[in-house]
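Structures given as structure tokens follow.
Here chain A shows up in two complexes: once beside chain B, once beside chain C.
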Partner chain A sequence: MNVSTIHDIGYRHYEGKRLGRAYVTRSMFVHNLRAAYGLGRPARAKVMPFILAGIMLLPAVGDIAVVAIAKRPEALFPYTRYQFMLQLIISIFVATQAPVLASREIRFHSVPLYFSRPVVHLDLVLAKLAAFTTALFALTAIPITVLYVGGLVTQVPDSGEQLLHYLGGLAACLLLSLVLGAIGLVVAAFTPRRGFGVAAVIAVLLVSGVLVSIVQGITQNTGHWTLSGWLGLFTPYSLVDAVAYRLLGGKLSAVAAPPGVGGGVAALAVCAAIVLGAVTVLYARFRKAGLS
Partner chain B sequence: MPPIIATRGLSMRFPRVTALDDLTLAAPPGVVGLVGANGAGKSTLIKILLGLLPPSAGGAEVLGLDIARQGDQIRRLVGFMPEYECLPPDVSATEFVVHMARMCGLPPSAARERAADTLRHVGLYEERYRPIGGYSTGMRQRVKLAQALVHDPRLVFLDEPTNGLDPAGRDEMLGLIRRIGTEFGISVLVTSHLLGELERICDHVIVIDGGKLLRSQAVEAYTEASGVLVVEVDEGRDDLGRWLHERGVAVRPEGRLLVIDIGDETVYDLVRDGAAELELRLVRMEQRRHHIEEIFSVAPQNVPGPPGAPGTPGAQSRLETSAEELRGGAR
Partner chain C sequence: MNSTIAMITFRSMLGRRRALLLFVLPGVLLLLALILRLTNTSDLDVDTTVLQRFALGAVLPLLALIAGTGVIGPEIDDGQIMYILTKPIPRQVVILTKLMVAIVLVTLFAAVPTLLAGLILGAPAGLTPAFTVGVLVGGVAYASVFVALGVMSRNAVTIGLLYALVWESLFGNFAPGAKKASILQWALSVTDSLTEASTVKAAVSLPTALILLVVVSLAATVLASVRLRSLTVASAE
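Presenting the complex of A and B:
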């Protein structure tokens, strides 16, 4: 006879393993990466990130179709230019998803729950930045991977050169993801209301881009080419484009880039400063939120 | 038994307020109540004990670990349920509690198992798969409690766990806290501004006011017999009062009752005889017990302190916090 019954066995103590700092940090990374794409949250949280990821893929797929049908390999987009072309979509992704990672837990006062546990402040910040960077990298790197694979399938010539450009493109994606992740999280962390956060990130990314390209145009018209190049460092997309153009063998996509390899190194240094600054600011912000 | 919490001259000064003022106390294992009016420094004390906020002066130990040097170890062994709303509305209780378990270092499968167990213990069943945003206040409080217990701590800090609950929910929460202390074998530090609540569930009660210690003693010491006899008769209260007064008993009316100082044992006989002689129906005759609330109220009568508890009130000593009183009160 097989009778199954439910026994209330009362409270049981936990005798198993308790893992250390590395595991906790990894768990935070995975949790935040999932949150960036709305996983583990209701369906409506998944709509925006996945639609944007879909839109990111469309031009790559269309381009491959053109290359394949028209047999015109020169129509293949340069890998480093892809993210510059689609900066509006990437900006919207940053704007809608940065508040999810940066300000959601501050807004709902969940942060103290982390720091009343064995969670190190810096680990939380680094896990969030790494998770958002990875989310953005997935958003930007998958389309250019589609381009590269499509190029291989349609037998675009110079496959060795293509591979090099592709790797350069991946590096540029990673750099852009880091810079945008850093900027997005900082702006969102200081605008606790979600709507404001979205607006603030959009403002910082798009308005800075538009302003810089206008001023760059004016300076070029008046003949100040070098100045115009340096101005590109003031907005994230042309900043990363400068690194891609000067150091990673990409094509120039922004209005101008600072001159020479030195210009590329300077742009890279600005990227590093942005990321380090963001970590410092986020560290202070979450430390404060942990005491609320 | 060594104390679970011990503070020495703990002070916390913010630019404009002093939250804690030279607080020295020791709490034994079990369910310990921390009582004080709003702003008395309860939440600040918990933050300091968790090692989140460095105190301005003094030190403390939690489970024998120093808050300044061993905060990390303390945070592995304790759980914390904040007073405020701390739950993201767009995840399910299961998802949230599993995540919080992993933040304590529990491996994925253990985290899931513990989360399911803990949510069941606090009384959340099928609804735990729905987003928290749709929960009632009572259910949210349970989720907050579950995340504090999920990693099987040795001590939990519960900050105002009955806040916002209706009477039934309050009773259930109090019962749950009592079970945590007894059945689960987890020590509890629970704060409240309602003394009556804590009287029901605590073994030991610490009273602070304005960041100072008022009293720290076992709960029985607060509720000892007060040396006052309460008598209720059906009608003819005044007749009985007059009858007793004529025989030299200190008696006064209080509502429908007569309150009589117990001088010696013969008072009982006198009440019985009086009721019999006046042919009154005696409804109730009992020794009145102290309530913890009396610490805060100005005494309406001069209640003589029960023997053996020198810390118990005289109206003037109510706000005194001498070390002597502390030693006398804390058993």
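Presenting the complex of A and C:
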């Protein structure tokens, strides 16, 4: 008798290949990635992510047009500044789509259904985080790729340096996607009520951003330059900007950044702490969700 | 006004974890004011920045969005609104009650903290009462618009965010025309007229702002009750 049989009441057995844990994890990743853009769901769910992705592309296209027509290569946006400029759009994307990935199963108490399969708790959490990170990376990396390709086509000088900066910009996008994905999923996982998760995520991102930029401005006016730089670590966009500026050779876009290479390394360490902390919290949350 | 509906709505907004966000946002504002006061860094510029960019520009729209869509959106979503709509209560009474609850919440969690933050900062030139009144009138307009959005669309929160953040903040900075059609600027105009501080500059003149505030609030309320009259409760997706 097969080990997996509890009561053998005479149905035909499944004798095919069991696809196992890796396949399940990959399926969860693909499903969540599609869900982040509303693919495989009604048109209503696709409207918002695609509108936001479209808005993300507009400034890049416009900038390329300016560079090409006015022949002003210096007007090309710095690659690491692009995400900082459009942080409101990225924040709204995170806020609207994080609850899609993290709140729904908790709201409808369907998380235990996953764990009746060969799914390890950590796999579900990592698949969700990886899917959301990929979705955010697509949102932020495509516009700067457009910028880079546009720069190549219009023959902006110093193509070697441009390539280096572009790769630095891609790394910053990846880091930002990881940090924002982690923060968004954690907040959304604790606010399962519909509409409320959106407000909670945007509140965290917007309030921290406004607060930090106000306090940074005040500390700079009073002459505390170092303090002002370190304060940038308290909101995701200037945190990633600090890494991009200090370690990846980008331009400074936030009000201030922590001093020296050490400041950049510290910012990177904060990013790692946020992501690891988020995985721990999400693991605990999804393990208990739906059982109560 | 219907006291039972008001009580149920208050209970659903302030129950358990949901209320946390309502308390955290003004809490951060008061904490910031306290730190600035204790480190002795507050002057006219700093006070204006804190009250204008943080209290009026960030806390008010977010709180009005949470309160405005929260009083009616979730009930329409999960179908509980039917228990109210099947009672012999006029629809405009339902909307007015929900709106009153939203306005009371905005007053408690945005206007009162603004007043307290101004007092903690010791803001000069009558900034404190000016911004409190500004937040209050802005809060009424925001709340009525967001209640109407909550009745009309299931994506009310997202649409509200797009309006408050993209239209008012982002486009408002690039295109001066967009600034004129923004509740934030109308509220700021009211504030501007109440203080002699030169640091507050509004893009709209006071009479225009007052007329637009009243018209938009009334229009949103009427629209909401008209839409609630013919509401179709769709099944959950």
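Please note the rule applied: the second predicted complex is superposed on the first by the 276 of 292 C-alpha atoms of A that agree within 3 Å, B and C clash if a C-alpha of one lies under 4 Å from a C-alpha of the other, contacts with A are read in each partner's own complex, and residues count from 1 in each chain.
Assume a contact is a pair of C-beta atoms (placed from the backbone, for glycine too) under 8 Å apart; a residue touches a chain by one contact, two chains touch by 3 or more.
In this text, all values refer to a predicted model and were calculated from it rather than measured experimentally.
Of the two partner chains, chain B is the only one touched by A:105; chain C is not. Of the two partner chains, neither chain B nor chain C is touched by A:269. When the shared chain is aligned, chain B and chain C each come close enough to touch A:42. When the shared chain is aligned, chain C comes close enough to touch A:195, but chain B does not. By the touch criterion defined above, A:217 lies against chain C but remains apart from chain B after alignment on the C-alpha atoms of chain A.
Looking at the shared chain after the overlay, A:96 reaches chain C, while chain B stays out of its contact range. In the superposition on chain A, A:149 makes contact with neither chain B nor chain C.
Chain A residues 41-42, 45 lie at the interface with chain B in one structure and with chain C in the other. Remark: chain B residues 47, 50, 52-53, 72, 75-76, 78-80, 82, 84-91, 95, 99-100, 102-107, 110, 114, 117, 121, 131, 147, 151-152, 183-185 touch chain A in the complex. Residues 10-14, 16-20, 23-24, 27-28, 31, 40-42, 45, 104-105, 108-110, 112-119, 290-292 of chain A are the ones touching chain B in the complex. The residues of chain A lying in touch with chain C in their complex are 41-42, 44-45, 47-48, 55, 88-89, 91-92, 95-96, 190-191, 193-196, 198-200, 202-203, 206-207, 210-211, 214-215, 217-218, 221-222. Put simply, chain C touches chain A in their complex at residues 17-18, 21, 24-25, 28, 32, 36, 41, 45-46, 49-50, 53-54, 57-59, 62, 65-66, 69-70, 73-74, 77-78, 154-158, 161-162, 165-166, 169-170, 237.
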